[in-house]
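Following this message is one structure expressed as structure tokens.
Naming follows writing order (A, B, C and D), and every chain is counted from residue 1.
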């Protein structure tokens, strides 16, 4: 996952980058970084934690310059704690100054790393950003122009990626030919903005211009945006999980308002509803789905579970008898809404099944007669090779079980997942342009059979 | 406001108090404290900030004992920064050990303080808790029993209050005769719990037993709860603002589920609705109201504004052109839901009007044709003498303006407040038992005319 | 111990108090507090930790007013963690505003507490400061003048104390009739300063005026200092431990420069010195003594042990084989200075003997042939009833052992303590005016036999 | 400056590295880092600040492995805030794993960086460590052995350096042929230790074995240390400033105990002493010199200035009249030692002269009749090209002034610097093997004339 932003603004970019990344915080909370360029030198600050832990006003004040890039980082377990991996990464070589930040999962990563090690680069991080930077640098050193350096690099990358970079004061943005990772851009009165999701344009009052096309390279200066279609693909592989899980509901991704896709999915789930007293979302993930379900079914939308607005740490009491409080600190059933009632709970997904089980149990503890669970995504049966941090097959509850067995395990009165057809229709993008590999679809790139060996080979996506 | 809790638990009380106060965090975020008693000595920890900033596991581990009290504190501006005012307060005198924490606004505060200064107590805080402790102590020293000490103290207090105290290892709870401040109790398998709102029982899996009756004193030991009706009143003055604004929607206060009161108010607001495309809450305060409005009107419930899940600091850019971002960091309009649409926005209240104005403007900036604002409380025209931190008359937008003028000032297409009759009917408590002084009702106690002098006299509610 | 300061300064007192307390930091590192008064209201800040952890520039800026008091606090184990005990303490009663901070150990503490509880004060701390405040308050309420209130209070206190207080904008300072706790005052061009040690005058460029006489009360306004001798005593009980251990060497206490007393003690220790290659202090406590020893003996002053300038935490390695590093992180023997040499080490005192043992062993490990230990105080054989935090008799190495046995236990080649006669002569104050109870002298006040009962009674000195 | 350490220890290296770096903390307080290797992977932690701010026990516990390197970093102004420059730096390439940390100032740095950029490495830091790592990597990739890679790299570096590195689990240490930067090694019962100064061996109870010879490469495994003399030089350039200023007095550097060199310098300064009452060090820098002066002259060693043990921040009072307190917070004259006295003050050096002026003035303010200043180094007249952070010529008080003018400027009664001959004799190393360029000696390497251009070229020493 992770969220990226690149901005050119004649008024300075530190504050706009901070705001844009704030709007993308849901894409990664483990680290954050901003690099700016003032025509002469880079200014950079980054560190572990959420944006508000990493940045303060004094630090923003020091990040001078009218062009900059930044990232909020999600880290896969294997890479956690590697502070050197926090992006952006800055490089200096042969009078060039390059700053790169990408969200990427590359299939030919190991092959490329090996090649560029052979060419003389020694890697100080395990990120794809450093690999891509080394590729761009070698192109430049071999004498091609800046734009060709990016083009030649894109031509050699195989996988899913979205990136922004500053090279000698010019801002570049690039997106993989299948469009798996989202990226869009807009303009303000003072410059241009490239971001992972459109909500980051909203917070800057920037006008949405377009999604970066799959396979496209943008070259952005104060004067405007130049487009170059570097790669073509006869089909796309837009990530379905962005629509049901990752992206913010108020984002528009590749033409689709995420909230509306979810609302339509909710409506699809409402065909032949059980007799019930209320439809309630599991907060906050199920809200958009639940509003669609309620509208379609006519069953009233009433919250049966409420989220605690305050974040607290769930300390475990020595006697352990308060362990269940960890869930209750996050959400609380509304007793009178569920006691003696038939409740339809709507959520976005079931991964391991443990959280669903606890929620169903909790609602029953508060007296619900029936708890019907409705899920806005198909069963997840396979890990993601494109960087979404799903657990291994063994841990996925739907990987080895049929619907009835899952229902039994999570104690639900009834259970229904959205069908693939309804999902596709709700999103409104042709099935062949969507990646649904995690729910049993074909993987959009030709990779070897899933096995411990090749998994290791391609999954350490770096960031 | 502020939230209080008192617990007896044979397994220890530090963790249960932490969890209970977490569920009451919305009642006060400026300071927090817990005091426990192990039969011999008090253990106490308190400090400024939210609960999770004040407490860590190591500190909880040190708070020994099977009886304790705690508070999350809201502080009126005039008292901020006075760390000595953070409660609970512990006292030792004549072999007695007393810990007190109250949420109180007393009309005869100054008279009582003066009296007890005359009796020899020198005050080290400006809290009502110290005043009440001094009163209890003098009763004890004069030779009456512990229970009579509390009774005699309650007989002399005039105002709104809810308190818990530990005296020599026994837990006491008391509530003012008008019932203005909420207080209820329940039991676990291991003891008893008294809290400001029932949600704090839920988080402990405690069974709700009853509200503490207005004017009642509870004496609580491991063995059980003794009730004593100390004061009677022919009418009550339950705070309407608790139902529409202060309390958590999943709390049941004096028999009424707050969520349902709000949902019914929303339904009342939906009589003769304007032609509109969607009903949206102002998140999160308007949600319960909006679900009622949508159900009643048949207009679909679709969020036109979404809340950012992450808390960030709104730094002001030097050039100031991003100041409006402060609101956008908290909530974001969903462009496609509002552009070219007629939107009904539902919120709980309008105080100064500045936030409403910014929200209406923001929704219009995103292209809404019409913004109809519906408010779940009547116009607020007077400050509160019972401790709710409302601004002065001058700052209240509704104090001097008629409906049309307010509507104009906040740029809404149309504006409607709930009527007093609908509000009363929605809560389901007779009007004579509700305090609606802030929306123009009679103040339930006989105080002098509102003026700068007497305001000063009674409003410094202490905590 | 603990250090106190009271300042009147027409330019404001927050900064001067911060600087004065910084110079007194060695008297207490566990908490710090400052209270100022601007003619109308108190401003206060306090917290656990060293001064630089408790205060920052922003906080100092808020402490308005031209009169203030402050304390750096040393806490006896039994009272640690009681944040309510951090001084100064502020009180409001009957139009009076009183702030008190004292360093005190009172023999009639329990009797007085009980009496004032009977008179209506309920105690919220275990400090002597609150007791003294309650006494002053009752005098005032009974109608006597401010000055008489202090006088009457002093007349009733039995023990060792030094205190400063603000009452209704006037600064008061008072010292016990035996002079056990030091207190002196001086003036700047802008006001007056009262402090525990003269070094706190130096840092403010204040001119030393005099020690506060034992039994004296000072009343200080912008206009000047009024003296009143409240109590007389035919003998004094100046604390010997101040001269050899507690006070800073650059302080002048009751007419004696501490450094010179220590240097003379060092010279006394040098009678009949062993044959040795060098005299080295145990840093930093032994330095002044060692310079005197070197001058007198003619043996060169060469550091055989050097202190690490940087404070570090001594983490214990899992395998524990680095435990001894805790001492080595603090000081390091200079190998070439000690290998094959006869070393005279000079220190101020031996309490439990554990540190001395480790140091002697360490110097021997680095190759010293002989380690002669010379100690600037007599053997410590009894705890202190006046607030100096010495361990119990059982833990004092000298309590039950003769000189030879102590020497053996700490592995020294030879051991010599200063004699009582030499100590008295070096300080230059008659023996009858010194308290040497901890080294076997008579306790200056008539207390009952030392026993678990009366110890408990008098030793919880409060602060 | 900066301090480095490399350790092999069969019990783990995190704790030993922490302790060793603690002993070297005086060489750099701006950042700290440790990298360990467990046979498979690196573990690293680093950050800005002193060691105790960067590391805690939990973090040390995570740094697994039996070989590791670490650094405490001093940063020249131009490089401050570049967190990416904090060492050690880790690299992965072609199945090699390399971690490097160096203290270096290279004359051919820019030429080498350019060359290796040409060879394909793109730099992400401005450190010499990355440059050296790139050089080693290219050697390895070109097929030479690990040892030859280090040898070939050393052959190409021109300048002053000391470094430690882990390459594929083996520890390497290397030192420049002139020996400008100190480096020594020792052994424990469990492995080997290489450190900047011998005090870091002492803290680990390691036995000193030898200095790393100038131009030598050590290859260190659990089994032992292999020596290889890579470079020879007919003369050395041991840094004189290490002996008088940088190194800890208890360190033995290239055979010389720093304390003794300073003590002998002090004795040299005492030839024909003025008539004076006492010799006092400027604490702590002048202590060793002053003991030598006192012994030689027979004038008593008495501290006229005492250092405050506690670190405090010198807040500047709004009215500014306490600005001078900044110095007084650090040290305090002992009034009775200096009033009416002739004082000889001994210090290690005068750089800008501002601190000396303030100290002389302060001692005179406290009443000294005469202040004779004696300095343990010759006048500093030129900046250092080998990484010691001296100011520019313009700011050096001795650069343009004769002795009498300097004396006048700092208000001293008399002033004397140690002569170059006495300095050399005191250290005991032939003049031709010492670098005294900063006090007017010849620069040991052939560099171009000092000018703004070449200064820029060679001075950004990296770390």
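Criterion: contacts are C-beta pairs under 8 Å (C-beta built on N, C-alpha and C of every residue); 3 or more make two chains touch, one makes a residue touch a chain.
Here the structure is a predicted model, which is why all the values come from computation and not from measurement.
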**Prompt:** If we look at chain A and chain D, which chains touch each of them?
**Reply:** none
**Asked** Taking each chain's centre as the mean position of its Cα atoms, how many Å separate chain A from chain C?
**Response** 61
**Asked** What whole-Å value do you get for the distance between chain B and chain C if each is reduced to the mean of its CA atoms?
**Response** 48
**Request:** Mind checking the centre-to-centre distance between chain A and chain B? Centres are C-alpha means, answer in whole Å.
**Result:** 38
**Message:** How do the chains pair up in terms of touching? List each pair.
**Reply:** A-B, A-D, B-C, C-D
**Message:** Under the stated contact criterion, what part of chain C meets chain D in this complex?
**Reply:** 11-12, 15-16, 18-19, 22-23, 25-26, 29, 50-52, 56-57, 60-61, 199, 202-205, 248-250, 252, 257, 259-260, 263, 284, 287-288, 291, 294-295, 300-303, 306, 308-313, 315, 317-319, 321-322, 324-325, 328-329, 332-337, 365
**Message:** Going by the contact rule set out above, which residues of chain A touch chain D in the complex?
**Reply:** 44-46, 62, 81-84, 89-94, 98, 114, 116-124, 126, 130, 133-134, 137-138, 141
